[in-house]
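In what comes next, chain A is part of two complexes: it sits with chain B in the first one and with chain C in the second one.
Presenting the complex of A and B:
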């Protein structure tokens, strides 16, 4: 029974991965990636990593794929098919593909083949459950856990800065952006933010109607 | 181990069979009368202004990105919450540090006006 599930999930994983590369329409590529990730979650479930399987579906197949869809929609869909252009790009692609293949073969020959005749790591009850993962996060992986929150902080700042830069090059506080965000902790705490709509929302004292403020905001290109 | 997931597997298989059966039956048995208006994306209302090369705004990307960040935060909270009784104040302190850093991110994003739809 479990080998049946394994083969169904493995075929799904491989078909999804091939579909991502082969399909010309980027939207279909994203859908193939969703199929790939859900099959991967089934494989995690077979390995008794239940929490990881659930997180795989919730975070990757759910949220990250939505992000990919938006990125594809932003970059533009069918009018610009993602076909390779130029011999140089092809050469580099082949080079990187070969390097990845070498790496995978080293991994397969080095470790995976040896475990074919064995039974694998022993299973202890509770393995893969949220409680055991929580215990590990609080003992052995405490620093990575805390660093992860810092990483998320950096990601949030980066996303906002990138989106601002991408949004309007004519933005008046654009020149302050490269380097570091032009906002200090004191400014944040006191609510005096020298940009965009928040300053307007706080009311910088010009007596304009709602519609006038709206058009001005649009003309400036937002945050 | 798979035995405990048997109901879920049966559920998924049954759902796939029922959905697939109706889809196939519809394609095989259903009448096909194509008229022009049926093939339009909108059957009523204003004609759509969206063209093929239409691009979404960057706002969608930003919202999705921020959603993922706080989604991951929630995923991290579950295992710690389960262990809260066993570890007590230590787990609580770690969690507070974790959330405080992300609160800084939230305040930054909020003060930058990125939570407002443009």
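Presenting the complex of A and C:
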């Protein structure tokens, strides 16, 4: 039973990883990556690492890949192929691929394939449970854990600052909706109403007539 | 794996139940989910009717209670149609993902404690995972792809916009939903859902009172996660025709519909378990074991009625209001709630 699940998940992992590279449409590439990550979570589940499996799905398939899907669906949904690479780039890609393969082989053979004949570490109840992982994070792996959390904090603060810069840091902007400039009463009375606003729809811009917004509406014939 | 236990993979999930009990349980969980959805449907249609000063469906069966079955039969007998612009495989796969994740999440709702049935110990739940709510969030994350793929593969701008809204909404509110449960997990000291119910028994008070802030955040985020009114921008009819399921018809539309209402039921079940004491009764009443599932079902239906009530009462939010509320109100509030709970738990 477990070996069946292992082979199904392993095939899913490999097929997903190959799909990411091979598929021409970026949207399908992202979906292949999602399939890869979910299959990887199944492998973690086989190793009785329930928490790691759930974290894998929630964080990677759930949060990270959702943003990838979001961006790709908006920007690169068409069937246009990724920019064709020159011969130099291809050579470098092949070299890097070969180097990675060598490294992997060294790692695999370096373990002298012991795991093929052994049963691995015995299972102790509670292994991989959230409480055990939490204890390890706060004792043995405290420093990497804190460094990682600090890194994430920096990233979060950076994202907030970048998002705010777009709209400026003025005090007024706090009151305004993103993309909707606020309209003052004076602006409405003088006819300088931005197009597409509620005031225009209510006919305020139309009545003034002299202003830019008003004439444009007259030229269109209104509705 | 087989060296450690004769049960193989099944032993990983649950350590003492024989395989045939697990198969019966999985069928039972699916059966309960499948049979409760029409009940919720008729409850909602009759309820909405009464809220809006009309009768609601009253033609099929006594008081119209057979109406959902008639609807489902009609949908299933319709022609399978898909637009020429759609992507065939993904278009068919998307409702399957939605329904699969909804049913999978339903499996963790505990309907009772472990009891001695048929000569073995049987827990009255699908599975009792050690990661509890995280399991629900993992499947919630996959459920996103059901909506997203459905919208994208339809090849229609209304579907696509609906799916995009769904994406942003799900990401935003899942964070608040997760953080709102952390307080309960702190107090219970366990992630297992049955463990949380036991913790409420020992604590002597259901967690919705000490965790009232978390409870309210959970309910609001739950409305957003299930795309229910007033957060149903994913399928805002006036702007998007029908949202991500605009191009769907027949059985596939029925699957989406089924998944949506099952999700409502699952959120109700999670709220019942985490905040309302699961199968416990107040004032120290200990009924016989067969009452337990009924208690849980009654509590869940209380939440379902709240869902219907809110839908009949509140108007839909604007999209920027929805986003701002999620990020600027619920998320900080949930974080502060988790912090305060952590401090209080450590203190005592």
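Methods note: the second predicted complex is superposed on the first by the 144 of 223 C-alpha atoms of A that agree within 3 Å, B and C clash if a C-alpha of one lies under 4 Å from a C-alpha of the other, contacts with A are read in each partner's own complex, and residues count from 1 in each chain.
Just so it is clear, contacts are C-beta pairs under 8 Å (C-beta built on N, C-alpha and C of every residue); 3 or more make two chains touch, one makes a residue touch a chain.
Please read all numbers here as calculations on a predicted model, not as lab measurements.
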First, second, both or neither for A:119, with chain B first and chain C second: second
First, second, both or neither for A:71, with chain B first and chain C second: first
Which superposed partner A:5 touches (first chain B, second chain C, both, neither): both
Comparing the two partners chain B and chain C, which touches a greater set of residues in chain A: B
Partner chain(s) touched by A:146 [first = chain B, second = chain C, both, neither]: first
Contacts of A:137 with chain B and chain C, given as first, second, both or neither: first
First, second, both or neither for A:157, with chain B first and chain C second: first
Which superposed partner A:63 touches (first chain B, second chain C, both, neither): both
First, second, both or neither for A:95, with chain B first and chain C second: neither
Partner chain(s) touched by A:14 [first = chain B, second = chain C, both, neither]: neither
Overlapping contact positions on chain A, where the chain C interface meets the chain B interface: 1-2, 5, 45-46, 48, 51, 55, 58, 62-63, 66-67, 70, 73-74, 77, 130
Touch list for chain A against partner chain C, complex: 1-3, 5, 27, 31, 34, 38, 41, 45-46, 48, 50-51, 53-55, 57-58, 61-63, 66-67, 69-70, 73-74, 77, 119, 122-123, 129-130, 177-178
Touching residues (chain side chain C, partner chain A) in the complex: 1-5, 8-10, 12, 90, 129-131, 134-135, 137-138, 140-142, 144-145, 148-149, 152, 160, 163-164, 167-168, 170-171, 174, 191, 320
Residue ranges of chain B touching chain A (in the complex, touch as defined): 1-2, 5, 9, 52-53, 55-62, 64-69, 71-73, 75-76, 78-83, 86-87, 90-91, 94, 97-99, 101-102, 104-109, 111-114, 116, 118
Residues of chain A that touch chain B when the two form their complex: 1-2, 5, 45-46, 48, 51, 55, 58-59, 62-64, 66-67, 70-71, 73-79, 130-131, 133-135, 137-138, 142, 145-146, 148-150, 152-153, 155-157, 159-160, 163-164, 166-167, 181, 183, 188, 191, 193, 195-198, 201, 217, 222-223
